[in-house]
Amino acid sequence: MAFVFPVVVPYFQVDQQGVVFNMWYLAWFDEAMSAFLASIGYPYQSMIATGVDVQLVHTELDWRGAARWGDDLVVEVSADAIGTTSFTLAFGVRVRDEPIASAKTVYVAIRTDGSGKCPVPPALRAALESSMRE
Amino acid sequence: MAFVFPVVVPYFQVDQQGVVFNMWYLAWFDEAMSAFLASIGYPYQSMIATGVDVQLVHTELDWRGAARWGDDLVVEVSADAIGTTSFTLAFGVRVRDEPIASAKTVYVAIRTDGSGKCPVPPALRAALESSMRE
Amino acid sequence: MAFVFPVVVPYFQVDQQGVVFNMWYLAWFDEAMSAFLASIGYPYQSMIATGVDVQLVHTELDWRGAARWGDDLVVEVSADAIGTTSFTLAFGVRVRDEPIASAKTVYVAIRTDGSGKCPVPPALRAALESSMRE
Amino acid sequence: MAFVFPVVVPYFQVDQQGVVFNMWYLAWFDEAMSAFLASIGYPYQSMIATGVDVQLVHTELDWRGAARWGDDLVVEVSADAIGTTSFTLAFGVRVRDEPIASAKTVYVAIRTDGSGKCPVPPALRAALESSMRE
């Protein structure tokens, strides 16, 4: 079962069309990603403490609906693919059980010392793989 | 030649990694889109005045670099494809001539009265097509 | 006892000093205000349904500390003053019981039909006054 | 004469009331402050290079009007007061020559090494004082 991160849509994210402006989906996905990593036993802050961080190299979003002020959203997060130096998370956004958006984001593991890409840490890989079997 | 929209990176868009947080690229593209439409003779506000608006249905972004506080960016915008009820814009972001991100976004034309999708207005289609021949 | 609104600091609100950028306090206060009004039995959306909205005319903030990514904050909200056409809310932000910011904001009641200021609705006045006696 | 920083209101800063959401004024003031410091010969980045940064300890804003999408704003910035370890800037926002907001913000000088408050650097003090005599 996918991990679920709840969002109550704040007023400041709603534009004059009365719907959430597109960029805020990426803000939710970032928060949901941190919560997802914590949920599989690999908190983002621990990763950084080991000298590894992640950077976005690709994201794609599809919208089929809209979110409005005060909506109770759920953002589903699941591991979609794991490579040598990168992994992909899939996101789905639902309002009252209706899917309104979906996305995939590719994260590359980098060293926090600025020396560039590095392998996905084994413990993170194991945690992501384990989450895919559930 | 592609239309160019300048951005000076504001402090509030830079995160604790010292680089622009991913969602702000979508903010820039939205501003650049408005400026691009104005540049081809079809200001967004005029479109809305005729009862037509646009909605994002898809966007995809690729990053190969990062932007930092105070960077003078250029966002290039060009029409990439034109369908019956939608059109696609391509975006490129460069810092000191180095490309750091690219994106494509699909916009669907909708009626502002809430009745849903509609054909791309002929004047907008003509303006987009003309921009592709330059 | 003051109403308390919880905030977990999202990554995108933290700047390159590693602390929450100042403007996001106003985002939290806006969310906390909506939740506070709901808690005293006067949801913001109900107010708008009766043709009344509120506008900020004044806010003042004092900072004595900082918030960081992932911090569990509490935003305390209480009614501070009630006038004929306006009311004032007081906000306090605490991290691990340490106060880091406080603020007061003055809201003016306006008609949603664009005709300008109007008296604070009697039911809202009663709810605010009642909250001050608790 | 006050320093003037121009802002074209982006779509994402406008809420469903059709006006700029309150927090974005602080974003503009932050950008205007950086530009103001550069204009008086003391760029923010130079200050940081000398081991000094600034932190907001107080801000107060008054609104008497609203800004809308696409508005060409001017943000006026001037030095208002200079203390031992702090200085105050005054901001005014005008749309088509009509004042819509004003603010004062108090900045405290801090050392970037984390050791706390420090005197306003003499060169910054001189630049601020000089700007007040113009």
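Each chain carries a letter (A, B, C and D) given by its place in the written order, and its residues are counted from 1.
One rule holds for everything that comes next: a residue touches a chain if its C-beta (ideal position, glycine included) is under 8 Å from a C-beta of that chain, and two chains touch if they have at least 3 such contacts.
This is a predicted model, so every value here is computed, not measured.
Visitor: Which pair, A-C or A-D, has more C-beta contacts?
Guide: The greater number of contacts lies at A-D.
Visitor: Among the chains, which one keeps its Cα centre farthest from the Cα centre of chain B?
Guide: Centroid comparison gives C as the farthest chain from chain B.
Visitor: Please work out the Cα centroid separation of chain A and chain B, and write it as a whole number of Å.
Guide: So the centroids are 24 Å from each other.
Visitor: Using mean C-alpha positions as chain centres, tell me how far chain A is from chain D in Å, no decimals.
Guide: About 34 Å, centre to centre.
Visitor: Using the average of all C-alpha atoms in each chain as its centre, how far is it in Å between chain A and chain C?
Guide: Whole-Å distance between the two chain centres: 29.
Visitor: Enumerate the residues of chain C that touch no fewer than two other chains.
Guide: 11-12, 17, 21, 23, 27, 30
Visitor: Name, in rising order, each residue of chain B that touches chain A in their complex.
Guide: Within the complex, chain B contacts chain A at residues 17, 21-24, 26-27, 30, 53, 55-64, 66.
Visitor: Given the complex with chain D, which residues does chain A contribute to the contact?
Guide: Chain A residues touching chain D: 11-12, 14-18, 21, 23, 69.
Visitor: Which of the residues in chain D come into contact with chain B in the complex?
Guide: 10-12, 27, 30-31, 34, 45, 70
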